[in-house]
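Here the structure is laid out as structure tokens; the discussion comes afterwards.
Letters A, B, C and D name the chains as they come in the text, with residue numbers starting at 1 for each one.
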Amino acid sequence: MTTAANSYILWLTLAVLGLPLMASLSCFSIKQKVGWLAPLLSSILLLIASILASILFFQIGSEYEVSFSWVWFNLNQKEIALSILLDSKASIMMLIVTIVSFLVHVYSIGYMAEDYHQARYFGMLAFFTFAMIGLVMGSNLLIIFIFWELVGVSSYRLIAHDQEKETAIKAATKAFLLNKIGDIGFLIGLIILWSWSGTLEVADPNLISIPPFWLATAGVCMFIGVISKSAQFPLFNWLPDAMEGPTPVSALIHAATMVAAGAYLLVRIAILFTEDVLILIAITGAITTLAGAVGALFQFDIKKILAYSTISQLGLIVMAMGGGAVQGGYFHLLHHAFFKAGLFLGAGAIIHALHQVNQQSNMDVQDIRNMGGLRKKLPITFISFMICAAALSGIPFTSGYVSKEFILTQMTMWAGNEFSWRWIVMSCTWAVTFLTPIYTFRLVWFIFYRKPQHEHNIEEVPIIMRIPLIVLAVGSLAMLSSLSPFHISSVINVLQQSYPSTNTIISFVSIALILISSAAAFYIYKNQDAKNQKLVTPQYYLDAVSNYFSLLTLKLSEATRWFDKRIDFLIHGISYFQITVAHITGWADRYLVDGVVDGIAYSAKGVGAVTRSLANGKIQSYLLWAMAGLVIFIVWILY
Amino acid sequence: MSKQELLFFFSAFLFCSGLLIAVTKKNAIVVLMGIELMLNAANLNLALFNFQKRGMDGQLLALFIIIVAVCEAAVGIAIILKSYHFYHSSVLDQISDLKEKN
Amino acid sequence: MHLLSLLIFIPFGTALLALLVPSRYGNSFRAITLGVNIAQVIILLLVLSHYKYEGGFQLIEKIPWISIDLGAWGVLQSEYFVALDGLSLPMVALSVFILLIATLSSWTLEQNRKGYFVLLLTLNGAILGSFCALDFLLFYVFFEFMLLPMYFLIGIWGGTKREYASIKFFLYTLLGSILILIVIVALYISIKTPDTSDRIVHTFNVLHMQDFNNLIPDSLLALDSIKLVGVFSFRYWAFLLLFIGFIIKLPAVPFHTWLPDAHVEAPTPISVILAALLLKFGGYGLLRFAYPIFPDAAIHFSWLVGLIGLISIIYGALNALSSKDLKRLIAYSSVSHMGFVLLGIASATVEGITGAVYQMFSHGIISAMLFLIAGVLYDRTGDRMIGNYSGLSSKMRSYAAFVLIAFFASMGLPGFAGFMGEVMIFFGAFQSSSVNGLLPVWMAIAATLGLLLGAAYYLWTIQRMFYGPFSTKNVTADLTDLNRREFSMLLPLALAALIFGILPQLLLNYINPFAGDFVNNLFQRGNLLTP
Amino acid sequence: MMQEVILYLFIGFSIMSVLVILLNRNVFYSALALLTCLISLSGIYGLLQAEFLAVTQLLIYAGGVLVLMIFGIMLTNRIAGKSFESKSHNWIPGILVTTSLLVVLVITFQNSSIKATQNELNTGNHIRNVGIELMSTYAAPFEVSGVLLLVCLIGAALTASSFKKSSHE
């Protein structure tokens, strides 16, 4: 490409990055009086950004790769660059981030209409988008790390948006701290890479020309970052708690984008991971996906079900990337962003609608046992929710099916014909494919089909919230990413690799499995009376562990506090000792040494008193004594 | 005892009596007289020295002393008058401003 | 152009002149001080325009100061020798900036303004003088000169336990000073100027001290000195004494207990100066004196330096976690952050040294901000207990915003200056094992725990104080938002933290040459001695 | 011989008058006794071949100072009644000190070499010599004493005049 085209792309990229930042800054600086302006402004800027991102996406195409780099700073005569690497993976991720973010912005206009702190909310949302885009396009690991943390901070602020809600704040703190563990892992990995290779560019082949042990360690450390950011085992329990934040935030951050950042990083730095690390990744993903799916089965909170489902799907993606299905995993990541965002927004619409009616009563509007029969009342929400749920389950004609089938094919081929540990991972893939429809349609059954539990005059959500739902539902259909609804054949070859030939048997088996399980879900839950079941949140004792650790830290801090007092005590002891010695010497000084001095002083005083009586102010007395002195003086001198 | 010796003793006596007057008398003018006496005792000594030795030094010194004594007397009397006006008394007892206040 | 002398002596001179102004013109003193600060900013800009990036000592001013012939003991020579290099320039710039902020922060002071501002000006001159001085005796004079105003500023204008705190501060720092003084004397008798042949001229010039050729043979600190005291030679002991002297100032565990007390009791502007500037003398002293003069000992003891740094990081953070007083928390976080400086210095890698200087600079800005924030609350209510507040952000919105910025900056959020320094230190500390083998890898890894704990105590504080429903305990005062003056103090600091986080090259232009030379020098000369 | 008798007479007169000053209480009598004392002293000066000094003594002391003092007495004491009385104090320490001083002086004189000097008779015109000496060797003290007199005159006049003025008010 020519330089002109390059600079054109550069400006596009910077615009995509800069517009959300601009939106964020303008939202923050906006006055409370004109707070209504903030959502409008940021939505428009995000719209422009997403249009530019799509232009960029088509400019980059599938085979083209472009990078820009400026010197950021010099450290030890090595340059650390502000560098951008745009390939098809990055550009499509940017596109998805901007689109979903735009939709969530639009949705939030309706959802957050009554919120007093709208400006802050939209500012933070836009800031999150900025950070996410920066993370996606950055190619220097330090840059990626910076945006990685910024994403975490904006997530923290957004979860804690409702500042008076105790649980939300605790959830935010927990999310941030668990993420911090991952960040530190990331940081250590980054330090290892810098120390051994002297570069942090992901595209630099020098990056991996380091001792194998350290390469593996760096890989593991980086993966710890992924674990916390993408809510993998054992650090996933912040995600269900994070559902305390506003629902659109959950849709954008905790379903579509931020949690995807970890998986995206796996793709971005795929060259780092050695075979051993890949095993770790695959196994972690397998554990996570099962744990998430099982967790979703026993939940009654609509958002938490979705959260567990997110954990499960992300586990699937990570497992796919650790296994042989990088492309499939990446596709699923992109698709997941759409349909999970759609599900969350749909859930948000339901909550919003119920909340409007039940403002007075104490009913938990997020508890699916309180719902039922909403199919008729919220038709648009129902349809879009159904499409997204189908995509999540992997029903044919949806995007979910395409990518899931892709993963299954790749994983099955990766597992090979001989039995090995890979088979366990592969069977996890199949198992989760079977479990997903069950919990998905359990959810659908409870919300939409069951007999209504309460009589309400529920109204459909405002139009501004419906549009994003529809767009996302359309986006979850298969044709957007694949020409054929049954296997992947994209208009754009995102991964610059030829796709494996489809295995018909696998396709059939998977379709059958999915359909069976969907049907089973309806059958199982049709007659279940959930009224008496307890609301459980399966934490797999992870909360207990983290609580134990935080308790330990607090105990430790108390111990250091105690120790600090002891240091002070020691110092005081020394001081007291010194003061005692000083008192003793002072006493000696006063009565022994000073005694002599005082004696002299007293005698001087006595003399002075006598003399003073002489000095009675009469000149003649002075004269007399002067003369007496003179006489004495003369005697003294002469004799 | 020669004439000079007698005069020396006389001058010493004169000085001491002058001093005694200056010290014991309460009236300021009498004190002044005592001082004049002391000066005269000194003058007498000087005159005596002049008599013993060749030259005029002693006499002239005595002359200057007389001049100073005159000045002193004049100023002293003026001061006494002034303080009399101020304290309504020429009794030195009552003029004790030099004493520290306690 | 005697820019540096102007910078140092304008405050001293003005303090003397201000003494002549009757104390009933109370308001004029703050104006005078502000004028001095502004003049210093202008001089600083001139200095920056004259300073060239290539490193080395620049803007040198050298005048003989003391020269006494001691007969058989040679000649005592001390010079007024000031100059700037990549280490002192950032510190001087920081000082000028922070002192300006401190003056603004003292603006509403009521009690005995004359004394306060005269002491503040004296402190100002002493701080700048110590950062510029390249003669050890001159440095020491300025260094000691800082103590007294500080003692009175804490002891007179402080909180309820101010006498205790000020005496503790004074004793601790005095102890450090004495240790340093011992080494100064030892150095003095072991160092001569290079140019004399027949007559030994003892000097305090730091540059001469750094040259092994100037060591007097068979002297106390000579390289081949076989005199052992205990287990080490005199050189090693001298290094340890200097080290302890400076880490008291830093402060590092276990010599840190004066800091929380001093901070808690000191008035806000003094806390700001104490945290932002005085603590830097610990790191500055190590980098300027201890390491270059005793490179052999520095290499030998680097594990100790690193270990104390690591302990300070974690111990300070844990203590901050258990603090119930906001200022105490911030004070302990200072201990933790200055531990990073120690770790960076111990690594003796270019990255580590760069990071240490950067961290000192960034900590100067961020801790100043933190203490101002604590001061804002204290001004309103007279109470700093974390447990007594809840949901402040709904009542004081822009205040909460600044708190958030300051806390996140302090916990090392990327985009703020603190992150840059810490990341460089981690680079250095980790690399150390492969580059020069001084620090084991686990130290760097363990130090990252400090980041996690930092996030923990700050987030917990935010959670307890700023979020949740609004309520206060034992506080009746009206909680108003930031006023214009407070805003104008916090905003520049926040911007500075941001700018130096985004554009580190602004500072690295100065630090890089210094750090490179420093490490080269250290190993060239330090390795001469290792067999 | 005649000279010695006259000398003893003068000494006797002075001692008596001094005793009168010391012992009597009337200020006015004291002044008169002082006059006697001074006149006899001037006689002694004459006997000691200091004619100019003797004349000066007569003129200045007897004529000037004494008159001044009597005026002073007149102005500070009421003339009528017993107010001329002057009380005294400090007798014991005064006598102690003065006696000891006298003893010291006498002993000193006894031990000194002054008494051993030969009596050389000065010849020539003493007054003329005094004039020559005053204008040559002692010119400077002479001038200074003139200035001193002037200053003293002005000072005394000023003090006295301000007294009159303020007393008038």
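Quick notes on this one:
Here is the rule we use: contacts are C-beta pairs under 8 Å (C-beta built on N, C-alpha and C of every residue); 3 or more make two chains touch, one makes a residue touch a chain.
Worth saying up front: this structure is predicted, and the values here are computed from it rather than measured.
Listing every chain that touches chain A and chain B alike gives D.
Distance from the centre of chain D peaks at A, each centre being the average of the chain's Cα atoms.
For the pair chain A and chain D, the distance between C-alpha centroids works out to 116 Å. The mean-CA centres of chain C and chain D are about 84 angstrom from one another, to the nearest whole unit. Work out the mean CA point of chain B and of chain C, and you get 78 Å between them. Here the spacing of chain A and chain C, counted between their Cα centres, is 34 Å. Shared interface positions of chain A, i.e. residues touching 2 or more other chains, are given as 620, 624, 627. Shared contact sites, meaning residues of chain B that touch two or more other chains, fall at 19, 23-24, 93. In chain D, the positions touching at least two other chains are 90, 93-94, 97-98, 101. Pairwise chain contacts in this structure: A-B, A-C, A-D, B-D.
Taken together, the chain A residues at the contact with chain B in this complex read 612, 615-620, 622-624, 627.
Partner chain A is touched in their complex by these residues of chain D: 90, 93-94, 97-98, 100-101, 104, 108, 111.
For chain B in complex with chain D, the touching residues are 2-10, 12-21, 23-30, 32-34, 36-37, 40, 43-44, 47-54, 56, 58-60, 62-64, 66-71, 73-75, 77-82, 84-85, 90-91, 93. Residues 4, 7, 11, 14-15, 18-19, 21-22, 27, 30-31, 34, 37-38, 41, 44-45, 48-50, 52-53, 56-57, 60-61, 64-65, 68-69, 71-73, 75-77, 86-91, 93-95, 97-99, 101-102, 105-106, 109, 114-115, 117-120, 122, 126, 129-130, 133-134, 138, 141, 145, 148-149, 151-153, 155-156, 159-160, 162-163, 166-167 of chain D are the ones touching chain B in the complex.
Touching chain D in their complex are the following residues of chain A: 620-621, 624, 627-628, 630-631, 634-635, 638.
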